[in-house]
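Each of the two complexes below includes subunit A, the first together with subunit B, the second together with subunit C.
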Partner chain A sequence: MERRDSAMSEKPMHFHPDGQEALVELLFQLADDDFLLAYRGSEWLGLAPHIEEDIAFSSISQDTMGHAAMYYQLLEDLGCGSADELAHARPASARRNAVLLERPNGPGHYLREPRYDWAFTVVRHYFYTQAKRVRLESLTKSTYAPLAEVAAKIQVELHYHLLHWHTWFVQLTNAPGEARTRMTKAIQDVAADFAGVLTLGAKGKDMVRWGLIDEEEVLTENTIAALAPAFAEVGLEWPMPFGMKHGNGRNGEHTPDLDEALATLSEVYRAVPHAVW
Partner chain B sequence: MTKEEVWKALETVKDPEIHSISIVDLGMVEQVDVRDGAVSVCLLPTFLGCPALDIIRTRVEEAVKRAGASAVAIEFLRHPPWTSDRISEAGRERLKQFGIAPPPRQMPSGAWQVACPYCGAERTIMENLFGPTACRSIFYCKQCKNPFEAMKPVLTLG
Partner chain C sequence: MAAMMTFTRLSDEEKYERFMQRIEAGEKIEADDWMPDEYRVTLIKLIAMHAVSEIMGALPEKEWVPKAPSLRRKLGIMAKVQDEMGHGQLLLRVAEDLMAPLGKTREEIIEDLLNERLKFHNVFHMAAPTWADAGLIGWLVDGAAIMTQTNMLDASYGPYARALKRICAEEVFHAQHGESIILALAEGTKEQKEMLQEALNRWWEALLMFFGPPTADTTGTSKQDITIKYRIRTKTNEQLRQDFFTKYVPRIWALGLKIPDETMHFDKEKGRWIYRQPDWERFKEIIRNKGPKSQERLELRRTAYKQNAWVREALSAVRTAG
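Let's look at the complex of A and B:
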């Protein structure tokens, strides 16, 4: 069989050499964000509240992993290494994902007494999906055409993710009793780290200067505008300000939870690096 | 080998998860070129995380070689995005034969309705926006009381 790292185009890509560093940084943020959240989502397989949700959530996680794979492919096309290697072999310190997305689904372990928190999961996915939608809208106008094309493609799939998480968010928060209490707590919990999703990190200004994406402030404002109607719908106070309680992942600051996640998800890759997926 | 022969070979390549429909009817083939017996095929991925894409690539290669190509180059394009309105009329019929309702022609804002692929009734309800594969949803027909699947509408936004 010939070389088949990915199903996607393998033509070499170029960007202005002075802007390449900012582009690569942005792609790592986008790739690592989707990759880690898709992984956390996949840990719910077989554990979701009901079978319909198991089907839906695994589809969403599969899509999201596909989005990460596209970004890693763009990095491969820019000469940053193979997509598989970028996904599996980079240590935590090289990862650029927001810390919120690496946090475990709750107490316990996938194999031993998982006591995962569905409220936290719904809120994290709903907030992230809104931020991702805003980001993609901006990326469709990116000066790097391959990125703009990928963004347009992802946008269509994300439409369904958003419908799904919005439904859960509103229904659980509007349910009386324990559901509302836990959702309210989860919102505070997610908000405490949500600034880490919205930031573009130290090279953010360069990304904007090269026309790769809109300013962090604009993205933040649009994300808040996208989330606000749901808060009105459930009659809750806006959970401002957003924080980075567990660190800024864009600068390579991460928690031990990421080390553990990477060790688990790369186990097969490390054992058989040339396995065909 | 002619372009027509390549297209004919591509019609034998079925969706690995929906055996009644070819990748041509699904609208996945964007471009075919033939130069001195060497064939290049440009395909559009349906859903990005779809595990069938690599299988399709292998089967396209096999089918075109079997039809007489000396070499085959297959490329999945990022652009234009595949949309569900690329499915041909014949393809929409073949989906129904497989028990899958074809996608609505408009992008709905919320849940949508489709006719039952078995009895044609419009009295159906969506049970799950998501289904056994990324491209499908699960419905239930209140008329003939059959559960069925439907292709999701995938149209560019805005």
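Let's look at the complex of A and C:
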């Protein structure tokens, strides 16, 4: 796990007291988004379409889990509790991830009969990675310097993730027959919840006021501009408008799939209270 | 015509003689070099099995990747399992080159695995029901793998020897990753210590079986004589098992763990470890894919293979068009 400089984590970090609530809220969104998507990615382990993909995908999921860990560390530095506790012990109602990222990979379980949908996985990862890149670009100019630093670090890895998912997206959508049909349906499914990724939630205006991140509208516009060329490449209609079919996770609305995911993610953590692992 | 056939036959014998001289002199054989069929077939079986074992080996740990109890452990086990997949890929490439003259491809290796024509290592058929099992796999199964692979680091087949060099370097990190999990449990709460002891009880017999039976008498066949003849490996199964005991038994005891074999001790006069043989009848069942988790893990991969059929089709359509 990537740790921030020890000099930084020794003393609790501070932001302006009136802006701290908005900062914490934003960090939870960032941390929970990556934590949940890294989990969905890790469920694919050993099940990807070919071995090269298994290796690349697990590398991406590992990076993404590392990004979540960096954000949880920022929260720990702000005195919100230990990073592990924040990652493992918060109930679904306290989670701020977009619902799209908690959606299952498909029917079945990661250890039994996983009838996972590669098309949905490709589209979800591609869309999310574009939104994440736009968000990170904005975060590098954040008034909270430790966040700006972390964003700059993550940006470096994201270039490769984006290239990876873009390649899959174009290749499969441009392939004839079943592949295109499946991809078209996956695009609709992802779009139906994608507004949940783009929103900054109820405290979004405060985040902007404190200079933590750009306005939701700007981020959305930039994400659409980033996705548009790929749609031209595959000759598909733009899937607007984006929705929040399964709820707004930024405001704590979640599906039972999140409860299930959290139970798995924290099964050992909770097994022996106060143990060191 | 008859004279020509005699010449060809003689020439093959000469080639064989020259080949044996080369490997006995410690020279490396490369993919495009002439090699006897027995050597090629032995290597294909060995390396393909090694490759699919790395791939199947990810599955016992897969369960514990999301469940790892801290962010640090989650990242550690993710990296570890990814490495194992990487080893599988590296070895598939080595096997692919050897198979090319026989007109076989890498896809067939995977299909052979799913159709149960190609078996994977006996140790990966066992259950891993707790986090301590995940730690134990990293520490002792990877520790055992380092021993068998180090035994082939000087293999006469150059591409395999080079792949093993890289794999062994990474396995050392895996053993450290496993050892770190084990140490935390051994120094932990009563529940954690119990979890660890139970995992060792579960895995002990599998660790003995890991190195294979001492002689061909046990299972009817053994590749160890052929692989030693062709200088692919140097030590026998039993020598490797004894090396494993020498390295790990004192460490296991030092952690306060009990080995589930009261006869286990080092006989100074004989200069070797005395231990109770595992149930080799059970071993025979396991290598026929009748182990506790054999079918469940194969089924996991079969489901994924079926589920992703459309992706393979799409990719081949793209390749043909391109």
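Keep this in mind: the second predicted complex is superposed on the first by the 260 of 277 C-alpha atoms of A that agree within 3 Å, B and C clash if a C-alpha of one lies under 4 Å from a C-alpha of the other, contacts with A are read in each partner's own complex, and residues count from 1 in each chain.
One rule holds in what follows: a contact is a pair of C-beta atoms (placed from the backbone, for glycine too) under 8 Å apart; a residue touches a chain by one contact, two chains touch by 3 or more.
For clarity, every value in this text was computed on a predicted model and none was experimentally measured.
Peer 1: One more residue to check, A:46. First (subunit B), second (subunit C), both or neither?
Peer 2: After superposing on A, A:46 lies in contact with subunit C but is clear of subunit B.
Peer 1: Please name the chain, subunit B or subunit C, that touches the greater number of residues in subunit A.
Peer 2: The larger set of subunit A residues in touch belongs to C.
Peer 1: Just subunit B (first), just subunit C (second), both, or neither: which does A:69 touch?
Peer 2: It touches subunit B and subunit C both.
Peer 1: Just to be sure I read the superposition right, which of the two partners does A:146 touch: subunit B = first, subunit C = second, or both, or neither?
Peer 2: first
Peer 1: In the overlaid three-chain picture, which partner chain does A:55 touch, first (subunit B) or second (subunit C), both, or neither?
Peer 2: It touches subunit B and subunit C both.
Peer 1: Does the superposition put A:155 against subunit B (first), subunit C (second), both, or neither?
Peer 2: It touches subunit B, and subunit C stays clear.
Peer 1: Touch test for A:233: subunit B only (first), subunit C only (second), both, or neither?
Peer 2: neither
Peer 1: Thinking of the overlay built on chain A, is A:164 touched by subunit B (first), by subunit C (second), by both, or by neither?
Peer 2: A:164 sits against subunit B, while subunit C stays out of touch.
Peer 1: What is the shared patch of subunit A, the residues that subunit B and subunit C both contact?
Peer 2: Dual-contact residues (subunit A): 52, 55, 59, 62, 65-66, 69.
Peer 1: Under the stated contact criterion, what part of subunit B meets subunit A in this complex?
Peer 2: Going by the criterion above, the answer is residues 45, 47-51, 53-54, 57, 75-79, 81, 83, 107, 110, 127-134, 138, 152, 154-157.
Peer 1: Going by the contact rule at the top, pick out the subunit A residues touching subunit B in the complex.
Peer 2: The contact residues of subunit A facing subunit B are 4, 7-10, 52, 55-56, 59-60, 62-67, 69-70, 146, 149-150, 152-157, 159-160, 163-164.
Peer 1: Give the list of subunit A residues in touch with subunit C in this complex.
Peer 2: Within the complex, subunit A touches subunit C at residues 1, 39, 42-43, 45-52, 54-55, 58-59, 61-62, 65-66, 68-69, 72, 83-84, 87-88, 106, 108, 110-116, 118, 171-172, 174-179, 182, 264-265, 267-269, 271-272, 274-277.
Peer 1: For the complex, which residues does subunit C have touching subunit A?
Peer 2: Interface residues on subunit C, with respect to subunit A: 55, 58-59, 62-75, 78-79, 81-82, 85-86, 88-89, 92, 131, 181, 184-185, 187-189, 191-192, 296, 300-301, 303-304, 307-308, 310-315, 317-318.
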